[in-house]
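What follows is chain A paired twice: with chain B in the first complex and chain C in the second.
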Partner chain A sequence: MEHMLVDVNNLSRSFGRRLALDRVNFHVAKGRVCGLVGANGAGKTTLIKHLLGLLRAQSGSVRVFDHDPVRDPVAVLSRIGYLSEERELPEWMRVDELMAYTQAFHPTWDTSYARQLLETFALDPSKKIKELSKGMRAQAGLVAAVAHRPELLILDEPSSGLDVVVRRDILDAIVRTVADDGRTVIFSSHLLDEVERMSDHVTMIHDGRVTLSGALDDLRRRYRRSRVRFREGFDHPPVLESALAMDGGGRMWSVVHSGPSEEFRLSVLTHGGEIVESRDATLEEIFLARAGRSRRQVEAA
Partner chain B sequence: MTLPSPILAMLWENWRLTRVETAWKLALGIVAGLAALVVFAVIARGINPGDVAFDGEHPAAKAARGGGAVVALFLIVLPNVMGWWSIGNLNRVRPGFPFYLNYTSPIRTSVLVAVPMAYLAAVPAASYLASALLLRVTSDYQFPLVSVAAWIAAINLVHAPTNWPIRNTVVRLSGNLAVGVAWIRLASHRLTREGMPGWEWTRPIQWPTVFDFPLTDYALITAIAVAAFAISVVGVARQRRGDAATTAFSGAGFPETFVNRFRFPCPTSSATRAQVWFELKSRGLPLLANGVVIAIVNPLVFAVSVAVVPIRPLAAAVGMFSVLAILASAGHAFGIRVRHGRLYASAFEATQPYGTAPLAGLKVLVRSVCVLAALATVSVSVWASMSFIAVGKGYEPLQGYQPLRSWQGAIESAVATLTGYQQVALAVVASIGVGVLVASLASFAALVARHPRRLGIAGWLLLFHGLVLVPLVLTGYRGVGSQALWEFLLDVLVWTTRWIDAPAIVFATVYVSWRAFAERLLTVRAACGAVLICAAFGTAWLTMLRAAGVQLAAIRTADAVWLLSPMLLPITAVALAPWALSRIRHM
Partner chain C sequence: MDITISLSDGVPIYRQILNQIKYLMASGQLLPEEELPPIRTLALQLKVTPNTVVKAYDELESAGLIHKRRGAGTYVSDVTSPLAKRERQRIIEQRVDALLAEAHQLNFTADDILRVLRERLAAMPRLAAAAAKGER
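Right after this comes the complex of A and B.
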């Protein structure tokens, strides 16, 4: 059996009356790059905060490196590199002070790697954090997160609000981290093309629940997008076997569906239609099918 | 909810932002005012142990009751002239217009400024009026109403032009200082005008005359309001257009700039050293820098005030409040931040691989050392500044300095009577006391961030506990009820306070220690250290009690337990600090 670096079981968490996580199971094996996707407020950051011990599990369990991050924060955090969505860094610090401060906590700190990254990002070590732009802050935070060669790198929306150049820099740094033997990365993102490019595993969270989880290639194979033409027009989406989401109107409909294609084809035939075109669904199409409005229409139908 | 006009929407926004603070200010003012009246009534009763009511009592007892009314007046005015914490938080207490989010609303700048200005001036005036009316009804003293309320409104109006128009901390501080001096001069002039010599305003019987300000005052208040509004509108309009420059001082301000002048590198050899460096740079040294500045300002102000008589009240106030200002800034050891009205711990600090208990210990230790150093610096400076007052000895009386001189004399003679051993005990009690204060304030802030509702309820319950003060004041001042009722209510108040305090300390110590051990926050080693600190504090505390002439064997058991209960405080603090930090680090 594969050894899990991150092992979350039946994790639930509510803030007041709002259930932010509902019996979430989340497992990440060593060496994987796991993309965490979901809409705003879906529960991605809440899950990440549990992994870091910033939130206590109200029910269920969280184990990282076989430790409880709340009871044993040192054992967990010393092996993790973390970049928060807000890039919250002490504004009064200079970049070189940030590096030195972080280095003191991590005996595995790689000074030459840190210097190399600073040079790549053209970050001035004598500048204060508060003098840096949003992108430069993200870069400084990333250097602090990766320069100690963490076994697990957690990035919460690492490229949100950043321009293309900075995004590329950050993704390159992640790729380099992954290239190191045995490194594991968990990163959440709204940018599905980015997740698709970087991850080998994807976990999709919607309304606090894990709606989909697995290897990206398996997911792509499991879901297809087909264009269907019917003899008669429909005002509402017709009920088709294994259809998850439908867009369109009248005689032409685009359908994202799972399960065996044959079952779907027979269902289309019984409604007097034919499949005009079919291909593997993209992650965005899968995401929209699992979390978007068109899914609710299908469910209503 | 539909608000029919932008003005109503802005008023609603102001109300939503300030309603909790308003309620607290009102309740605190009333409870503190009533408490002052009760305390002074108890003192008066000690002087004149007959009937609790006014009539036929000893003049000294009457004066004591009057003193209570003066203190009560001060206590109901103070919260209403301190400015708005909840509004300052909108832009993290930085100078500049706090409602900058409304810049993009289709509202004229004059309206944008006028609505909050009017609201933020009217509410404190109304709050004062309500407090003064209640104290009037309960105590029968003629607490001034409209005249003082109008000036309170004026003071709040002036907060706008001194804080909103320019985004520069130095200008803001200078403006506030200048306005503070002007207010003191104006108050002094109003309260000692012709026919009102000296300290007549401290005799409540004179209040109807003293606070009967001439009609020209209201014209002056109107002129102040117009000027304040005009200055604010011009400054805010510049900010709205983007013309107002932000200076280097507009960020963290002077302390950070000062600390950054002295560069010392972050040690990388160990996490503990790096954390000490972090605590010193981020929170410890800025506090010490403030202490140094106050220590420099004190003798300067005193030296100038000897020659410039009008600023003597300011010099005395700076001297008296500078020590308190350092103590008031003793909190914040855990670096809890405010964002959009929500308190939270920094994720950067919380995700460093460092144990919660050692982290809490380091934070409290560094902060305590810096608070002690700042206190020592400021105290030495205040004491040294007193030598300037001695200049006045040749041509007594040096007006305005009498209270300071008498306090100085009382403290010097009290310390002089202590033996060397007792002085060491006093230093131990003060040092560990500061540590306990720092840990308690930091823990309180953490628990407020973690459990705002529960602590809010506890606070309100405490204030409601103060409701018993109303019948006490009615009995003690107006003679409503009887001697028996007075004694019964006083016993209830003293009994509940004593029997709540000591068990609360014991219960909190036991509970928090148990939780800290259960959550593996405290180790046996740390607990042994806590016991040692507690033993040192306990020994010093007993020594100080003996020095104060307290004979524990001769007093009631309940009183003895109450007097000894603070000895547990170091253990409470040692367990409470990591437990509270853990609550906010792992929400």
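Right after this comes the complex of A and C.
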């Protein structure tokens, strides 16, 4: 079996009565980019906090670089670069002080790489963090997260609320991390186009559970989106075999279904319809179908 | 290299890269022994994970369309013309298939399509002249 950099098995966690993670399995191999998708509050950040040793596993196990991040934080955190949506940066520090401060924790800090990134982002080292715009804060946080060339880069909703330019900087940082000697990235995002572009593997979390996980190309092959035309109109979506979600109305329906499926074709035929067009589903279509956010969800599936 | 990624049509990204490189080769926009951009460069340009570019290049390499030189990048192979011809044939067939599917949707027969094709060709003097020359 491939060596797993991150190995989470049967992890459960509740906050009070609320079950935030429910028997989660999550494995990331070296050199991969793993996208973590799910609605707000689905459990993505809770999972990431376990990887960083900020939360202790209530049940199940968490191993990062073959260490327990709670017991052995130094062995784990020194090899990780981390950027969170909140970007908890010390407000009172200047940019250059933040760099010096972060460098102190990381013996592998690459001073010239840090300087080069600051110049690319046109960040003034003498400015205080609290004087920076939202985008500039994200860039400063990004430099602090990648300048020690971490073996594992973890980004929690890095693009949230940022403009296109800064989002591009973040995607570039992901590409560089992977392209330069095969380091590993985990990033969570609700922007599915980013995940689709940047991920080799996708893990989908819904209500604390992993609902889908695997190589992006394999996942995509397992689902199809077909447009179906019926001879007669339907007020409610007809129940079709292997359909997950349907959109549309009247005679024309757009269906996300598992496939490629002969059952689906026959089921359409039985309802007096024909498949007009069929193609592999996009990540967004799979996500909406699996998360039950499509306008009409098919319970039978 | 002129490649565009679309996320709306359900085609895997590595396949889009692969197809467009094949297209650039078939149409003579990429010439034999021309160097392809390094993986990192193309990944940064397209904003895709480098592993996706690796996958596209690997498949092109095993199809014999490109080759790596030790420590010196990736180059377009000097593919013999039958291969380029096959690829051109494949590209045009895909377009025709899409056209026929659309025509079926709009209740056009194959004869209708042929008629429209001739009319449109006649409306493009330069193409019509080239076609007439080819027939002779």
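Just a few scattered comments:
Everything below uses one rule, namely that the second predicted complex is superposed on the first by the 295 of 301 C-alpha atoms of A that agree within 3 Å, B and C clash if a C-alpha of one lies under 4 Å from a C-alpha of the other, contacts with A are read in each partner's own complex, and residues count from 1 in each chain.
As a convention for this text, a residue touches a chain if its C-beta (ideal position, glycine included) is under 8 Å from a C-beta of that chain, and two chains touch if they have at least 3 such contacts.
As the structure is a computational prediction, the values presented were derived from the model and not from experiment.
The superposition on chain A brings chain B alongside chain C with room for both. When the shared chain is aligned, chain B comes close enough to touch A:Gly53, but chain C does not. When the two structures are aligned on the shared chain, A:Lys130 is found in touch with chain B, with no touch to chain C. When both complexes are overlaid on chain A, the residue A:Asp200 reaches chain C alone and has no touch with chain B.
By the touch criterion defined above, A:Arg225 reaches chain C but does not reach chain B. Overlay on chain A (Cα): least separation between chain B and chain C is 26 Å.
By the touch criterion stated above, chain B contacts chain A in their complex at residues 251-252, 256, 260, 265-271, 273-275, 277-278, 281-282, 346-348, 350-356, 519-520, 585-587. Taken together, the chain C residues at the contact with chain A in this complex read 5, 7-14, 39-40, 43-44, 46-52, 101, 105.
Residues 52-56, 70-71, 73-74, 76-78, 80, 82, 84, 86, 88-93, 97, 100-101, 103-106, 109, 130 of chain A touch chain B in their complex. By the touch criterion stated above, chain A contacts chain C in their complex at residues 31-33, 168, 171-172, 174-176, 178-180, 193, 196-200, 216-217, 220, 225, 276-277, 279-285.
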